[in-house]
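Each of the next two complexes has chain A plus one other chain: chain B in the first, chain C in the second.
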Partner chain A sequence: FADLAGMAVAEDIPVEGEITVPVGAHGPDEDHSTLDEPVRDTIMRDLKAVGKKFVHVMYPKKSSALLRDWDLWGPLVLCVSLALMLQGGSADSKEDGGPQFAEVFVIIWFGAVVITLNSKLLGGTISFFQSLCVLGYCVLPLTVAMLVCRLVLLAGSGTVSFIVRLIVVVAMFAWSTLASTAFLADSQPPHRKALVVYPIFLFYFVISWMILTFTPQ
Partner chain B sequence: MAAADELKFREFDDAATLLAANPDATTISIEEPAEPRQKQHGRRQEPGREEDDELLGTDDSDKTELLAGQKKSAPFWTFEYYQTFFDVDTYQVLDRIKGSVFPVPGRNFVRLYIRSNPDLYGPFWICATLVFAIAVSGNLSNFFIHLGRPTYHYVPEFRKVSIAATTIYAYAWLVPLAVWGFLMWRNSKVMNIVSYSFLEIVCVYGYSLFIYIPTAILWIIPQKVVRWVLMMFSLCLSGSVLVMTFWPAVRDDNRRIALATVGTIVLLHALLSVGCLAYFFDAPEVDFPAPIVPAHNGTTLVTK
Partner chain C sequence: RHPLATFFHLFFRVSAIITYLFCDWFSNSFVACFVTILLLLSFDFWSVKNVTGRLLVGLRWWNQIDEDGKSHWVFEAKRVSTTAASTEAEARIFWLGLIICPVIWTVFFFSTLFSLKLKWLALVIAGISLQTANLYGYIHCKLGGQKNISRITSKFFVTADVPKRQTGRISEDRIEEHGKTCIR
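Right, the complex of A and B next:
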C-alpha cells in the first residue's frame, strides 16, 4: 500500500465525462411512439392496412402483405356485413327460412378454423392466424356478390334476375377460391395440395349457396 | 474330451453370420422401429396365399399391431400426435376412395388400402361433403318438384343442414364406436385372427359413405323408381365394402352371432340411406289432373 499511497493523480490529466447514462428512447423509435398521436391517425392507419389488403384480394398477386401483416379486422367486417345482408330473408316461419345471423357467423369462422387446422395437420407451414386472415379476406368477392344480388332482387325476382344472380355468384365464387388458393398454395407440402384446396372449395361453395338461395320476403 | 468341450460355454457368433451360415433358421427380431424393413417382410409372401392373406390379414397382422403402436409415439396432448392421423398424400386418398366405390370381391378394404395408416382426413371431409350434398340436393329437388304450383314459395330450408350434419356425423362416429366395442368384447371370448383398431373402423365407414355423394346428387331426379334403384345400387356397393371388411373379423365366432353382426351393420347402413331419402327429399307428386286446379282456385277466390 505504500506504493499506492505514493501515487497521485496528476493534476493536468483531464478526467471528464458523465457518470450518469441518459435514460430515454434512443434510435428511430422515439419519433414513432404511437401513444401521443391523434386518434384519427391510429384509426386511419388500420383502415389503410385493411384497405390495402382488400386491394390485394381483388387483384391477387404474389404479395406478402396479407400473410406477413395479418389482421382480423377485415374478416370481421366482411363476416358481419355478409351475415347482416343475409337477414331479412323469408322469415314467415321460423323453421325453414334462410340462415340466421349466428349460423352464418359460425359457418364462416368455424369453417375457417377447421380449414386452417386441416392444412396444418397435413403439414402446412403457414401460421394459424395468417391462414384465418387469408380465408377471411377472400370472402370479399362473395360479399360484393351478395350486395349485387340484393340490388338485383330489388329490381325483381323472376327468371332473368335469377340468371344474373347465378352468373355473378359463380364468378365471385371462382374468384374467391382462386385468390385464396394463390395465397395459400405455396405453404403446403407438395403432394397434398389438392387435399388442402378441396376444403377451401367446399367452404366458399357453401357460402355461395347461401347467397344464391337468398330470397327476400 | 468331446463331452467337456460341449459343456463349455461358447460365444455365439453375430446374428448376421449365423444366419448367413444357416439361412432357413427361425429367427426372432426385436428391434427399434424399422418400418420399411418390416413392411417388406410382409410383402415377400408366397403368391398362392396372398388372396387369403389379404382378406384375413394374417401376413402382417402382427406387424400392423406393432406398427400401429409405434406410429402414435407422441403424447396425445401434442400437435404431432394428431398429425399422424393426416399422414396421407393425395393419391392415397384417391386410391382409398376408388377402393370404396369399386369393391373387389375377396379384397379386404382395410388390409388392401389402409395398411395400418388410418387417416381422419377422408372420413371427416367425406362426411362434410355428404352433409352439404344431401342438404343442397334436397333443397334443389324440392324446388323442382314444387315449381309449377302457384302457392309455392321457395325457402332455403337451412335448418336441414344442421339436422343432416348431426345425423351423418353421429352415424360415422358412434356406429364405428359401437362396432369396435362389440368386436373387442367378442375378441375377449373368442380368439379372432383379425381385429381392427377403432380408427380403422372409422376409416372404413367414412370411405364407404363416399358413394352416397353422387347418389344424393342424382336423387334430384324426381322419379320414385329412379331414386330407389339408385339407393339399392349404392347400398349394395357400400354395404359390400363393409361386409367384406367385417366378415373375417367375426366368422370364427358363433355362426348366429356372426350373421347377426353383419346383418346389423348392413341394416343400419340401409336405415341411413332410406332415412335420408325420406326426410330430405319430398316425394315426387303425381301431377294434379288439370280440371281440379282451376276449380280449387275458383273456390278460394270466391271465399276470399
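Right, the complex of A and C next:
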C-alpha cells in the first residue's frame, strides 16, 4: 500500500467505508503506563475489586461491577471456606472428611458451569465467566449462614437450634437466589426468565440442604 | 533484570507440583494438602498472568466486556527493539516453566485416573485448566505479536484500509491501538 499513501482524494470521488473505533476502555488500564506498574499496585487494585464485589452482593442493586469486571477469586475463597466448614460432618469419620471436601467443591463448580451452559443455550447474552462470577459471589449469604449454623450448633443441637438454623438458612437462601437472579435474569429474553431462574433456585437449594443437614461429630 | 519475577514465576508452579507429590510427608490431612495446592495454583495463575508475563516477556492477555455485554479476549504484545542476553535467558526460563508444568500435570491426571485415587482428580483437573489457560493465552499473544509488525505499518494508510475493516475484528484493532502506544 506504499504507493497509495501519497494519493490525494479528489473532491468528486465519493469515499465510503467503515471505520471502527474501539469504544470503551482500552483494557485494564487507561493508558500504557500500567504495563510497568509496581506489583503492589496490581495486587491492591485486584483486592479492592474483589472487596467491592462482596459489597455488591450484600446490597444487590443494579450495578455493572459484578458483571463487567468479573474475577473468580471471590468464588474460590467462598467455595474453599464453605467446603472447610462443611467437612467432618459425615457418619463415618474413618477418613478425615476427604471425599466430602472434594464433593462440595465439585458440586459448586460443576453446578455453576451447568447453570451457565443452560443460560447460554437459552440464548442469554451474558458471557461464560461473568455468569460463573455472579453465581460464585452470590454464595456469600450461604457461607454466612453456614458460619451461623456452626456457631448455633456449638451451643446445642436440639429442636430450638434446628428451628433457628432453619430460619437462618431459608433467609440466606432467599437472599442468594434473589441476588443472583437480579444480575442474571436481565440478560435473558422475557419469556425465558423462569427457565433460567429455576436451575439457580435448585443450585442454591442443594447448597442450603447441605448446610442445614450438617451435623458435626 | 527481574530476578524476583523469575523466582516467583517458577516458585508457585514448582511448589504446587512438589506438594502434590510429597503431600503424605507434609501432613496426614487430605484437606490441608488440597487447599494448599489449590491456593498455590491460584497464586501461580494470577502471578503468571498479571506480573511475570509482562515483566519477563512483555506479553499480556485479558478479557474485556464492552457496553453491549459481549466479551472479547484481547492479546497484547510489546514491541521490543533490543534483546539483551539477560532478557533472552529470562524469556527462555519463562517459556520453559510455562510449557513443562502443564505437561507434568497431564501426567498426574493419567496416573491419578489409572491408580483410581479419584479424590485428587478434581485438583489435578483444576491444575491442568489453570496452567493450560496461561499457556494458551501467552502463545496466542506471541503469535499475534509476530503478525503485528506489518499491521502497525499498514494502519497509517487508513484510506486504503478502511473498506476492509470489519466490526468483528475488534480485538485486533485494539492490538493496533496498543501497538502504537507501546512503541518505546
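Here is the rule we go by: the second predicted complex is superposed on the first by the 166 of 217 C-alpha atoms of A that agree within 3 Å, B and C clash if a C-alpha of one lies under 4 Å from a C-alpha of the other, contacts with A are read in each partner's own complex, and residues count from 1 in each chain.
One rule holds in what follows: a residue touches a chain if its C-beta (ideal position, glycine included) is under 8 Å from a C-beta of that chain, and two chains touch if they have at least 3 such contacts.
Keep in mind the model is a prediction, meaning the values are calculated, not measured.
Looking at the shared chain after the overlay, A:Met210 reaches chain B, while chain C stays out of its contact range. With both structures placed on the common chain, the touch criterion links A:Phe105 to chain C but leaves chain B unconnected. Of the two partner chains placed around the shared chain by superposition, chain B is the only one that A:Arg192 touches, whereas chain C remains out of contact. Number of chain A residues touched is higher for C, counting chain B against chain C.
In the superposition on chain A, A:Ser127 makes contact with chain C only, while chain B stays out of contact range. Residues 95-99 of chain A lie in contact with chain B in one complex and with chain C in the other. Remark: chain C residues 28-31, 34-35, 38, 42, 46, 50-51, 54, 60, 62-71, 74, 76, 78, 119, 122-123, 154, 156-163, 165-167, 170, 173-174, 177-178, 181-182 touch chain A in the complex.
Note for the complex: chain A touches chain B at residues 89-90, 93, 95-100, 103, 118, 120-123, 191-195, 198-199, 202, 205-206, 209-210, 213-215. Taken together, the chain A residues at the contact with chain C in this complex read 1-2, 4-5, 7, 9, 15-20, 22-28, 31-32, 35-36, 39, 42, 46, 67-70, 73, 76, 80, 84, 87, 95-99, 101-102, 105-106, 125-130, 187. On the chain B side of its complex with chain A, the touching residues are 79, 82-83, 85-86, 88-91, 93, 121, 125, 128-129, 132, 136, 139, 153-159, 162.
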